[in-house]
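Both of the next two complexes hold subunit A, though its partner changes from subunit B to subunit C.
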Partner chain A sequence: MSPELSVVLAAVSVPFAAALAIPMLHRVLGERTGYAGAVVALACFALLGSQYGADGAVELSWIPSLEIALRFYVDGWALLFAMLASGIGVLVFTYSPSYMHGEDGLPRYYAALLAFMGSIIGVALAADLIAIFLFWELTSLCSFVLIGFHTDDRSSQYAARMAMFVTVGGGLFMLVGLLILASVAGDVLGTAAVVDLGGSATTFDLAAILENPDAVREALREEGLFLPVLGLIAIGAATKSAQVPMHFWLPNAMAAPTPVSAFLHSATMVKVGVYLLGRLRPLLVSHEWTLLFATLGLATMTVCAILAVASTDIKELLAYSTASHLGLMVAGFGFATFVGAEAGAFHLLNHALFKASLFLVAGIVAHEAGTHRISDLGGLRHDLPVTAAVAGVATLSMAGIPPFNGFYSKELLFEAAVESVHELGTLGWLYVAVAVFGSIFTVLYSLRFLALFVGDRPTGLGDVHRPPVTLLAPPALLAGLALVVGIYPDVAVRAIVQSAVDATAVESHAMHVGLPTSYSPALGMSAIAIGVGGLSYPFYGRIHDGIRSIPAAIPPVSANWWYDAVVGGLTRTSAWLAPRVHNGLLRTYATWTLAGTCALALAGFAATRALTLGELGIDASPAIALVLLVAVVAAIAVVLSPSHIAGILTLSILGFMIAIFYILASAPDLALTQLVVETLVLLIFLFVIEEIPESDEISLGRVTRDALLSLAVGATAFVTVVVTTDARPDGLTETARHYVENAVPEGGGTNIVNVILVDFRGFDTMGELVVVAIAAISVLTLLVMRGRGEAE
Partner chain B sequence: MAAFVLALVVGALFALGTFLLLRRDLIRVVWGLAIISQAANVYLLTAGGIVRGTFESVPVLAGHGEGAPETADPLVQALVLTAIVIGFGMTAFALVLSYRVYEEHGTLDVSELGRGRDRGDRE
Partner chain C sequence: MRTTARVVVPIILVVAISLFVEGHNLPGGGFIAGVLTTTAFALLYIAFGLDFLERGILERDVEPGKTPSRDRVVVAYRRVFTFGLTIAVGSGLVPILLDLPFLTQSYVEFDGVPLYGHVEIASALAFDFGVYCVVVGGLLTIISAVGAE
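Up next, the complex of A and B:
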């Protein structure tokens, strides 16, 4: 079954339309706007659900001349991600009104949340490289607005800027990678989906690229661009998905309200990087791919699990845990085997279910107990029994304890690591060891989170209220789903995971998961992780303190320190540089601008080797040469003129000489205009100059420096004219010829220049007239309004 | 074929205009702007190719419905015509702005005006 364009378009655009309508809705509904958002999310979910089982691409032409179209591609992987986003969206919108009760700025909050949901559905379904990039950056933008929701809080501003800086910056790297990919793929895929863009072919059609992954990969290798593309896309994905060493923004992003953390920073936005890796996996999978992403993912999984153990705040713990699980998915996709894809895709689903649930639980705890410091909390099962049950299911799933759903996908990762030993040897064993080591810490922090609900209540903990049902139902539903997936994993696999895995894997197999019935290495690894984790839990306090003491002793091991150093350094450099470039003196501005422009232009000519000259022609007749010589002499006289009046008169000589030049160069219209304009300028100058006294100045040192800069500018202009006229095609350009041939039949006039101005480009001329009118009004205002405006 | 003579002229006008642009006298700065825009117009026309003025080369068709003669490039001429008019608007505005600056501050020395801004900031 092929997808319906109208349904897909509606699923992407409805959230954006709703985001625009939010301010009005908020006037009517007040705090209940969240429920309207839930309805929108539900509608998207239903629209996407109607495409269940579809596979294929649809497109809506956008910029046809560049072959950029709004292409959408629907398959299991896209649907899994998009339906997760909209489904969790429903729950988050249901949860928000109670949680955000009494907060200011709710329209902004809901509008950003809806726009975010639209962008994430867009990323999931887009099959055009440019569209993917746009939606990708839109999610970063929404995340910025939501993290900085408390606009008057400095730490919230800091976190929002950091998230923006890291994720958008990474997105720009990815853009370069995608552009290289587009240009190489355009050469390979021939003329079908290709446009001629300045001599080289490009295609942004991801669906077409993914149909010929081998050919594109070979072409990338031949041109030596495989590693650059891989690296650039990896930077984009790693920054977005908080991989080491770019993981530090995610814990800071917890400054956002908790529903936002549950939605953006655990279930959806941070998974965009993982999603893209899954999408491009069939295209780029290779030895280097495995080395890069298996290493990156396992390093992230372990480092962030360790940092989670060192956390003091429940949201910080969950944030590091999220980064760690993202590492697990990246590592899964990193392994080239089918099991690797199974691990990545299945864990994407499992993690979204249990982690969104845990964040919503954390929100309940913070909301009802009034604190989210781990050390202040404990024994909450007496006060929040239902919440405790929900947290229990989700936490055990996070720890990877059978038979909860996290166990299956973690087993798949272990299996993939074990299989990699055949291919990679020692390195494969290292992967196995690191995966187990990281999992021990996962078990540790999961137990710590569970301990918030069991044990004794700390004495400092005040009254804890029961949460309303709208706070409780969303996490309960998610945990229920996690439980169902845990008990009947095959149902989930058949429903959607199998098709998602097929889309991300190179070959296709039937996928089976279930509780193990016999011993396997992966099972042994799970047993070690759970066993060692459980046994070392009594020493949690010492492990926690030990890890915390390291960055305190050596600051440079923490990525945040590097961020602060780099951004702080840049800020200080800018603060130092700005007053030197922008010192309020016109000449400084002019110097920097002109010198910069000249340097760029000359560097451009040098880089493109445009400076090799053909023949030097004398294409000016003696008459033209003479007239222009007089013009230059007049300009020299302007420079040397001792008084204003002499300068104005010589400037006029220059203008009239240019007019004569226009006559000689067969441009009578220009000559007429120039004559009129010169006359007017002369008059205006004379009027103004009468009122202004002479000012005498100019010291000698400055003259030398200015002369040098002037010479540089003149030389650049000279070179530019020589280079461009040298490259000029013979005869008229196509556009000019078009005007010449159509002047009479379409414009009805024989003066082609006039026909162009008043007919073909009539609107441009109207704009020009507006400019002149604005100048005239400004002149009048400046001259006449002085007395009136400022006397009051 | 590279237009050598015209390149020399455009380069010279740009250099002289830039020199004026860096003066302290605001009126001379406006002259600099005017010269640079003249030079840019000459450059634009050159880029389209200079054709010696004869009856045939002026981009005016001899009569209705006849074939198009070999004309000079009408496109650059249309562009330059627009540029001349806009340049006029700009020069007039800059000049009157300078006049107003003189009225407000009693000087046309750009350096003094810049320092005055700093003083204003500190106060």
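Up next, the complex of A and C:
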């Protein structure tokens, strides 16, 4: 079955439309706006559900001449991710009104949340590289708004900026990677859906690229661009999915309200990187791919699990745990075998279920107990029995204890690691060891989280209220789903995971999961992880302190230290640079602008090797020579003139000489214009010049600098004219001939200049008109309304 | 100075109009006509002072010697360039109604018109008039604002 364009389009656009309507809705509904959001999310979920089983691409033509179209691609992997986003969206919107009770800025919160949901569905369904990038950055933008929700809070601002800086920066690397990919793929595919951009074919159609993965991969290799593309896309995915060493933004992002953390920073946004890896896996999978992503993923999994053990705050613990599990998914997709794809796709689902649930539980704990410090909490099962049960299911799933759902996907990862031993030898064994080592810490911090609910209540803990049902139902539903997946994993696999795996794996393979019935190496690894984790839990305090003491002793170990160093350095450099380029004196601005323009223009000519100076024949009649000579003399006189007024009057000699030159060169229109404009400019100059103080003695250094700059500007203008007129063929060009021949029959005028202006190039003239209007408005604003701002 | 202006300004305006009208076939056009008209106004400003137009022609009251403010700048100038921009865009939009690309131009010829004989009306004249208005309005706004300083 092929997907319906209208349904797909609606699923992507409805959240954005709803986001626009939020301010109005909020007037009517007040704090209940969240339920409206839940309805929107439910509608998206239903729309996506109606496409269940669909597979294929649809497109809406946008600019046909450039082959730009809104392309969407629907398959199991896209549907899994999009439905996960909208489904968890429903729960988060249901949860929010109670949690965000009494907060300011709710319209902004809900609008950003809805826009975010639309962007995520967009990333999942888009089949155009440019569209993917746009939606990708939109999610970063929404995340920035939501992390910085408490706009007055400094730590919120810091965290929001950090998340923006890291994820958007990574996205730019990815953009370069995608553009290279598009250009290479365009050469290979060379058929429909290819645009001609300046001589090289380019295609942004991801669906077409994914239909010919082998050909595109070969072409990338031949041009030596395979590794750059792989690396650039890896940077994008790693920053977005919080992989080591770019993991540090995720724990900081916990400054966001908890529903946001559950939605963006565990279930959906951070998985976009993983999603893209899954999407591009059939295209890029190779030996290098495995080395890169298996290493990256396992390193993240282990490092972040260790950091989670060192956490002192429940949200921080969950954040590091999220990064660690993202590492697991990346590693899964990293292994080239189909088991790897199964591990990645299945864990994407499992992790979303249990981690969103845990975040919502953490929200309940923080909301009802008033603190989220781990050391202040304990024995919560007495106060929050239902929450404790939900947390129990989700935590055991996170630890990978059978028969909870996290166990199956972790087994798949272990299996993939074991299989990699055949291919990679010693390195494969290392992967196995690291995977087990990381899992031990996973078990440890999971037990610690569970310990919040069992044991005795610490004396400092005050009254803990029962949460309302709207807070409790969403995590309970998620944990219930996790439990169902845990007991009947084959149901989930058949429902959606199998088709997701088919989309991400290289070869198709029927997937089977279930409780192990006989011994396998993967089972042994699970047993070691759970066993060692359980046995070392009594020493949790000592391990926790030990890990915490390392970054305290050697700051450069922590990635956050590097971030602060880099950003701090940049800030200092900018603070130092700004007064030098930006000091409020017009001449400084002119200097930098002109120097920059000259440098760029000359560098451009040099780069394109346009600077081939042919012979410069001087071909001028005596009259023209005389006029030009007067102009040159006038120019020199301007520089030497004693006062501003004299300078300007002399300058106009130059202008009038140019007008005469136009007349001699038989261009009456230009001459007329030049004459009149020169008069007007002279007039305006005379108006303004009285305001400018006569210059005092100027230092020699400044004179030299100004002279050099003027020479550079003059040289640039000269070179530009020479280069641009050098290419002129003898006689009339084709364009000129076209204008000459068609002016009378088509434009009905014998003045070609005017006919070109109003008939052939009317659009350009329109643009110039707008420029004139804008200039007038700017002058008005600057001069006439200047006083008002100061008065207020 | 004032006598000269009295004589010269009408001549400039007439020349500007003729440049505008015959712009399609002879040197001239909306832009140059607009700039020329502006110089005529600028001459008036120089000869009679800034408030002359407001007081003498539009018969509006202006407090002399006031600091530069909004009412020293003739509001009509701003209207003129808004108007011009509207005409230019509007004349470009008409072809769309007739299912032609934006800014398509055409022309009609009339023969045997009294006094002129052969007259040719190009639809581009409307667009050119827009250009004229924008240039006049824009430049005069700038000059009166700068001049008021």
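To be clear about the criterion, the second predicted complex is superposed on the first by the 685 of 792 C-alpha atoms of A that agree within 3 Å, B and C clash if a C-alpha of one lies under 4 Å from a C-alpha of the other, contacts with A are read in each partner's own complex, and residues count from 1 in each chain.
Operating definition for what follows: contacts are C-beta pairs under 8 Å (C-beta built on N, C-alpha and C of every residue); 3 or more make two chains touch, one makes a residue touch a chain.
Quick caveat: nothing in here was measured; it's all calculated off a predicted structure.
**Student:** Please indicate which partner A:Thr679 is in contact with in the superposed arrangement: first for subunit B, second for subunit C, both, or neither.
**Tutor:** second
**Student:** For A:Val770 in the superposed arrangement: first (subunit B), second (subunit C), both or neither?
**Tutor:** After superposing on A, A:Val770 lies in contact with subunit C but is clear of subunit B.
**Student:** Between subunit B and subunit C, which makes contact with more of the residues in subunit A?
**Tutor:** B
**Student:** Using the superposition on chain A described above, determine whether A:Pro468 touches subunit B (first), subunit C (second), both, or neither.
**Tutor:** Once the two structures are laid over each other on A, A:Pro468 reaches no partner at all.
**Student:** Would you check which partner chain A:Val721 touches, where first means subunit B only, second means subunit C only, and both and neither mean what they say?
**Tutor:** first
**Student:** With both complexes superposed on chain A, which partner does A:Pro521 reach: first (subunit B), second (subunit C), both or neither?
**Tutor:** Neither subunit B nor subunit C is touched by A:Pro521.
**Student:** Which partner does A:Pro551 reach: the first (subunit B), the second (subunit C), both, or neither?
**Tutor:** neither
**Student:** Check the residue A:Leu783 against both partner chains and state whether it touches subunit B (first), subunit C (second), both, or neither.
**Tutor:** A:Leu783: touches subunit B and subunit C.
**Student:** Of the partners subunit B and subunit C, which touch A:Gly762 in the superposed model: first, second, both, neither?
**Tutor:** Only subunit C; A:Gly762 stays clear of subunit B.
**Student:** Could you list which residues of subunit A make contact with subunit B in one structure and with subunit C in the other?
**Tutor:** Touching subunit B in the first complex and subunit C in the second, residues 668-669, 673, 677, 680, 684, 688, 691, 750-751, 753, 757, 765, 772, 775-776, 779, 783 of subunit A appear in both lists.
**Student:** Help me check something: in the complex, which residues belonging to subunit C touch subunit A?
**Tutor:** 19, 23-32, 35-36, 38-39, 42, 46, 67-70, 73, 78, 81-82, 84-85, 88-89, 92, 102-103, 105-107, 109, 120, 122, 124, 127-128, 130-131, 134-135, 137-139, 141-143, 145-149
**Student:** Over in the complex, which subunit B residues touch subunit A? Could you list them?
**Tutor:** Going through subunit B, the ones touching subunit A are 1-25, 27-29, 31, 34-35, 38-39, 41-43, 45-54, 57-65, 68, 71-75, 77-78, 80-82, 84-93, 95-100, 102-103, 107-111, 114-115, 117-118.
**Student:** For the complex, which residues does subunit A have touching subunit C?
**Tutor:** That would be residues 668-669, 672-673, 676-677, 679-680, 683-684, 687-688, 691, 747-751, 753-755, 757-759, 762-763, 765-766, 769-770, 772-773, 775-776, 779-780, 783-785, 787 of subunit A.
**Student:** If you look only at subunit A, which of its residues touch subunit B in the complex?
**Tutor:** 583-587, 590-591, 594, 613-621, 624-625, 628-629, 631-632, 635-636, 638-639, 644, 647, 651, 654-655, 658, 661-670, 673-674, 677, 680-681, 684-685, 688-689, 691-692, 695, 697-698, 702, 706-707, 709-711, 713-726, 728, 732-733, 735-737, 739-741, 743-744, 750-753, 756-757, 761, 764-765, 768, 771-772, 774-776, 778-779, 782-783, 786
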